[in-house]
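Here chain A shows up in two complexes: once beside chain B, once beside chain C.
Moving on, here comes the complex of A and B:
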């Protein structure tokens, strides 16, 4: 085990840090389950799915420092694949009776269906990654955006398979807070270990200085492909969990609103660390819930507020703009929380030792 | 033959619209390295200003709305630069890109909040824009003819500006090396301002045509045209002005072509086919049709 870890360039601290992060995620879930009411549990479930997506986004964007606006593509593909595979036959008969490849008669147990969906969507990520990583800079970002539009167009127009713009409903609900928090925790470990691994370090170096990294023998293109595929894997898991959580999917769930939301979460927390993803997801979730409450024309101090649409989106946009202008590294910045704690602890100890030494001198 | 002329004109007018937008993106990018995702919001702001004037000032003819739309787009571009983009001017390209992305969300949702809903609102444009002329057997929409013509004139004017004036020279130089331009005693703010004014003007022209075609405004109207313009700019080679024009026209032609050759049953996939086609071109030429070959670590990373 240790041999394998050191092969990947991982030390004990990475392992410890990733477990701490997973524990933090699970702790959030346990607290919510202990105190929350039904509506809040729903919010928490959505939070965990979004957290998985933010981990996925962090793996590519956080490490390589190139904007990725198409990540939700793989979430959508995985959600639709799993939805089509597990939809009860009776619902299929009315919803998608003309599904191609005989899919209208197919019904699979929900676990293998999830695996098939993740494998399919990850394979798609790998194939698109082969093309995408030929691009650099802005062309890469636009290409990710074009990918999102292409897949959205297909999901919306392939009515026989996806019901098109109409929601596909009736997917059996298989996810609950426990499974969501455990899987989110597992994804935290994946993201953290990748960040700390040899490849993650090289990719982060390329994010600082592409030319310098290339000159030092880092194969930036290959690493971007690895990160893109791994991120596709995590995002697919998020898609499957989303489908199993809400039971109803439509193409709009996997379009720009989801992109904005996860992007704002990652930016606010700080995209260079996995802890940042967690912090950002927590704060943005609280913020959007507040905005949604305000949008619903609540009664404040006895006066009824006017109903305002679009507040949530407005809030997300403002978060992105303000953080980019004032604190582009996000709240957490470069260090993971456990690294930060360790550094502060060490600094305090050396400071204490110095003071002691000074005292003994005088 | 009429059919062919008709379709060529279709391609030219749609391509012209993309070219106008792509040029605006390219000029801002070449001068300050900013990928302006909020470009589409210039169209939205222009449209809503026309709508506001129409509602509150109730002009007798729709003529006056056209300059209003163009001026609104220019003003919005200048405000964007001052408020949002100046703080991130020296930041890495990704920071600027995400700022613009955030700004675009803010503006969209501002209109959603103010107008209260996302349903389109009608705005009139002069009748003659949607009239037709008959030349021989060919039936031509004035709008399309005008669009192709205005694009050509705007291009010529832009070329004259870039070649013939000091500020044009400064802008071309800034695309190569901004610091040297400043060492020559030219104010950076002026050059950037000029770039944004030009991009606003071009977006305003496009906005007027888009309004004439749609006849209505909604908060998300700027998104699709600018997405296409981005694809056009990448196709031509991002940051190259000539590439933006050629990319825009090529994209317009590709759209019309796919519209013709795709059978009815899969016509909904047109955009997917167009983007895949562009993707195919980019596999063969990752730097775009006219782009300089980018190495990792060049100006845009």
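Moving on, here comes the complex of A and C:
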């Protein structure tokens, strides 16, 4: 086991750090379950799905340092695949009676259905990645955006399969706070171990200086493809969990709103660390809930606030712009929380040693 | 201590050949029919005024740039046009004139990156060279947990060399390694470059436009001017070459327009 880990370039610190992160995620879930009311539980469930998506986004964007605007594509594909596979036949008969490939008669248990959806969507990530990772810089970012638009167009227009722009409802609810928090915790471990592995390290090096990395023997393209595929895997899991949590999906759920929400979370927390993803997801969730409350014209200090629409979108835009401009490394910066703790401790120790040496001199 | 170059692990000598290479950018010929070679255990210098084409030559040798004409080979295997990554894995380690470290990564991680890319046959050579060994060799052990971008300039230059050595290269290409260093630092660097050669047996090509520096480290010097090699030979001979004196002292305008470095170059030539 330790031999395998060192092959991957992983040390004890990475293991410990990833377990701590997973524990933090689970702890958030436990606190919510202990104190929250029903409406708040729903917010927490959405939070966990978003957290999974932010972990997925961090794997590509955080390590390779190239903006990615198309990640939600794989969430949408996985959600639709799982939805179509588990939708009760009676609902299919009215909703998508003309589904191609005989899918109108197919009904699968929810666990294998989830696996099929994740494998399918991850395979799609790999195939699109083969093309995408030929691009670099801004061309790559635009290509990811094009992917998002293309898949959205397919989901909206392939009415026989997806019901088009109309929501596909009736997917059995299979996810709850416990399963969501456990899976989010597992995804935290995946993201952190990838970041710390030798491939993650090499990819981060290429994010600092592409030519410097290539001249050090790093295969930038291959690593971007690996990260893109792994990211697609995590985002697909997020899609499946989303479908199982809400039971109703439509193409709009997997479009710009979701892209910018998760992007704001990652940028605010700090995309270079997985800890940043967690911090960003927590703060943006709290922030958007506050905005939503304000949008609903609440009564504050006896006075009724005016109703303001679009406050949430405005808030996300402001977060992205402000952080990009003023603090591009986000709140957490480029270290994981446990790395930061270790560094501070080390610095304190060396400072202490120096002072002692000075004292003994005098 | 540094069993990295081919000679040091009992292999045959390696040979790097640049054959009649030309390269132009728009109308400017950065390289015109340039040939040179380097063998294991040699330290070859490349000097010339700014814009002479030294960096371009190094970029071509490390396949960061394609050639227009000519070829670059390592033991007969074609390097040009194969890309910088392939070149690194084939056995060319290099540094950059404008340092290209991984700024947010720690000193140790910078070396780890190159160390972890080595192919299997190269990794076998690296068996006795550890990241710790490289850190110590370049006097970076104390700074190993600091971020590369926080290091003082001289240490950044040394880290770039350590990173290149972590590839277990047969040839090491250094682009102005002493630039921005003070006297003492550059003195130490000369010692390090010699030590790399002595202990690892790899061949080294060093670029600088400081004649003194180059003449102290190198056994053989090529002088470049306007994309062409204008002189070649051991330092004592090259510094007496009339064309070299012309490039460095003549056609360079009045003494007061010269930079400090140019003045020191002129002095170095005048001393003989």
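Criterion: the second predicted complex is superposed on the first by the 348 of 362 C-alpha atoms of A that agree within 3 Å, B and C clash if a C-alpha of one lies under 4 Å from a C-alpha of the other, contacts with A are read in each partner's own complex, and residues count from 1 in each chain.
Just so it is clear, a contact is a pair of C-beta atoms (placed from the backbone, for glycine too) under 8 Å apart; a residue touches a chain by one contact, two chains touch by 3 or more.
Values in this document were obtained by computation on a predicted structure and should not be read as measured data.
Undergrad: So in the superposed three-chain picture, is A:150 touching just chain B, just chain C, both, or none of them (first/second/both/neither)?
TA: The answer is first: A:150 touches chain B but not chain C.
Undergrad: Return first, second, both or neither, reflecting whether A:9 touches chain B, chain C, both chains, or no partner chain.
TA: A:9 contacts chain C only, not chain B.
Undergrad: Which partner does A:201 contact after superposing on A: first (chain B), second (chain C), both, neither?
TA: After superposition on chain A, A:201 lies in contact with chain C alone.
Undergrad: Please tell me which partner, chain B or chain C, touches more residues of chain A.
TA: B
Undergrad: Could you look at A:214 and tell me whether it touches chain B, chain C, both or neither (first, second, both, neither)?
TA: both
Undergrad: If we overlay the two complexes on their shared chain A, which of chain B and chain C does A:343 touch? Say first, second, both or neither.
TA: Second partner only.
Undergrad: Touching A:136, do we find chain B (first), chain C (second), both, or neither?
TA: In the superposition, A:136 contacts chain B only.
Undergrad: In the superposed arrangement, does A:179 touch chain B (first), chain C (second), both or neither?
TA: neither
Undergrad: Quick check on my understanding: which residues of chain A belong to both its chain B contact set and its chain C contact set?
TA: 209, 211-212, 214, 220
Undergrad: Considering only the defined contacts, which chain A positions touch chain B in the complex?
TA: 65-67, 69, 131, 134-139, 141-143, 145-146, 149-150, 153-154, 156-157, 206, 209-212, 214, 220, 260, 263-264, 267, 308-314, 316-321, 324-326, 328
Undergrad: List the residues on chain C that touch chain A in their complex, please.
TA: Those residues of chain C that touch chain A are 62, 64, 83-85, 87-89, 93-94, 96, 100-105, 109-110, 112-114, 116-118, 145, 163-164, 166-167.
Undergrad: Once bound in the complex, which stretches of chain A touch chain C?
TA: Interface residues on chain A, with respect to chain C: 9, 198, 201-202, 204-205, 208-209, 211-220, 272, 334, 343, 346.
Undergrad: Across the complex, what residues on chain B touch chain A?
TA: Listed in rising order, the residues are 29, 35, 84, 87-88, 91-99, 101-113, 116-118, 219, 227, 230-231, 233-234, 238, 266, 268-269, 271-272, 275-276, 278-279, 282-283, 286-288, 294-298, 300-301.
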